[in-house]
Amino acid sequence: MQLGRVVGNVVLSMQNDTLTGVKLLLVQPISTSREPLGRVIVAADSVGAGVGEDVFFVRGKEASFPFYPTEVPADAGIVGIVDHWTIG
Amino acid sequence: MQLGRVVGNVVLSMQNDTLTGVKLLLVQPISTSREPLGRVIVAADSVGAGVGEDVFFVRGKEASFPFYPTEVPADAGIVGIVDHWTIG
Amino acid sequence: MQLGRVVGNVVLSMQNDTLTGVKLLLVQPISTSREPLGRVIVAADSVGAGVGEDVFFVRGKEASFPFYPTEVPADAGIVGIVDHWTIG
Amino acid sequence: MQLGRVVGNVVLSMQNDTLTGVKLLLVQPISTSREPLGRVIVAADSVGAGVGEDVFFVRGKEASFPFYPTEVPADAGIVGIVDHWTIG
Amino acid sequence: MQLGRVVGNVVLSMQNDTLTGVKLLLVQPISTSREPLGRVIVAADSVGAGVGEDVFFVRGKEASFPFYPTEVPADAGIVGIVDHWTIG
């Protein structure tokens, strides 16, 4: 899993039925020192995250678990809002 | 998930039975500022996308969900057509 | 999914039982302009591809779908032979 | 699978229900000569690892197996504490 | 799938129950010209491979198939010992 920051959202004009009602957010992966790491991704939100918040996201089929039993075709998902982290 | 633009299509002369009737499109992944990101991939289309459209695609087994119960051997799939996105 | 060209084959002296009878080919991933992209991989063949042919392959668990119900431990599979592709 | 060292932990203020009670640790992947390899990741712990310990972790859906039957949305998990390794 | 050479082994002092009895080997991925490719990984062995042997390994959930019905949390597995390969 990775740390990230919510930087925006995506609106679709047409979509697979299983994506109906799923909120899609733009997330910038960040390092533990809060520097951007790689490209912005699109993630399905299951915890009510908003722009500017630090989040915790997963990649892969695991991203669809929170929407079970709907098999949402998501490969990245926000599964937690971060309070803080500690190094060392 | 990632943003991309449809740039072409692929025609097969022979294929695994489960791919019969599946439309295969060439997709250039793009950044939120619409710059190309990495290599063009081949994605299975489940939303009727066409060349020149901005799309939203997934990677991994999730790409086969829209074709359920057929177990389509796809590892990338277009699951939405993008209306717009907002940063910040 | 990605485009590739079959460049050789692999012969095993010992293998997991579920791989018995599975043809293993060396595939060079290629770009839409037919340039090599990254390392040669080993892929399970389910369409009768041969050396020199342009193929269409998947990565991940999806590569084992054509061999169902046998759970072949394959993470790359050739699922189509390419006739042609069109850009733009 | 990869070798890593536990370097910290993450605390969430809000989370998907299936993550309740799951300990989240920051892990620095390391080489066999103990050099850092790439970015620090967040991993779910199922073996009681602590800061400073050398661990063995998996990526992907496999990371959720130790929490079965709960479908924990984890894509990285610590599944062993390393005693030692031998090269050659 | 990829070609690799077994270069060592890993011993755990504590582990998830499902890993009990699973042999863990250090594998250096190699190219078809036998040059090292990227980092050494840890793979679960299901074919009795030993140090110095050329092997064939998979990544992802597929690595756990040989251990079925135990859901071994492995994301890399040696599934064959290579006799030889042919290019062209």
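Every chain is named by a letter (A, B, C, D and E) in the order it is written, and numbering of its residues begins at 1.
Just so we're on the same page, a contact is a pair of C-beta atoms (placed from the backbone, for glycine too) under 8 Å apart; a residue touches a chain by one contact, two chains touch by 3 or more.
Worth saying up front: this structure is predicted, and the values here are computed from it rather than measured.
The chains that touch subunit C as well as subunit D are E.
These two copies of the sequence, subunit A and subunit B, are related by a rotation of 70 degrees on CA atoms, to the nearest 5.
Taking shared numbers over all numbers used, the subunit D to subunit E interface scores under half, which places it in the different class.
If each chain is reduced to the centroid of its CA atoms, subunit A and subunit E end up 32 Å from each other. Work out the mean CA point of subunit C and of subunit E, and you get 20 Å between them.
Touching of two or more other chains is recorded for residues 60-61, 63 of subunit E.
In the cyclic arrangement of chains, the order starting from subunit B and heading towards subunit C is B, C, E, D, A.
Partner subunit D is touched in their complex by these residues of subunit E: 7-16, 18-19, 24, 26, 39-44, 51, 60-61, 63-64, 71-76. Residues 1-3, 31-32, 37, 46-48, 56, 58-63, 65-66, 68, 77, 79-88 of subunit A are the ones that touch subunit D when the two sit in their complex.
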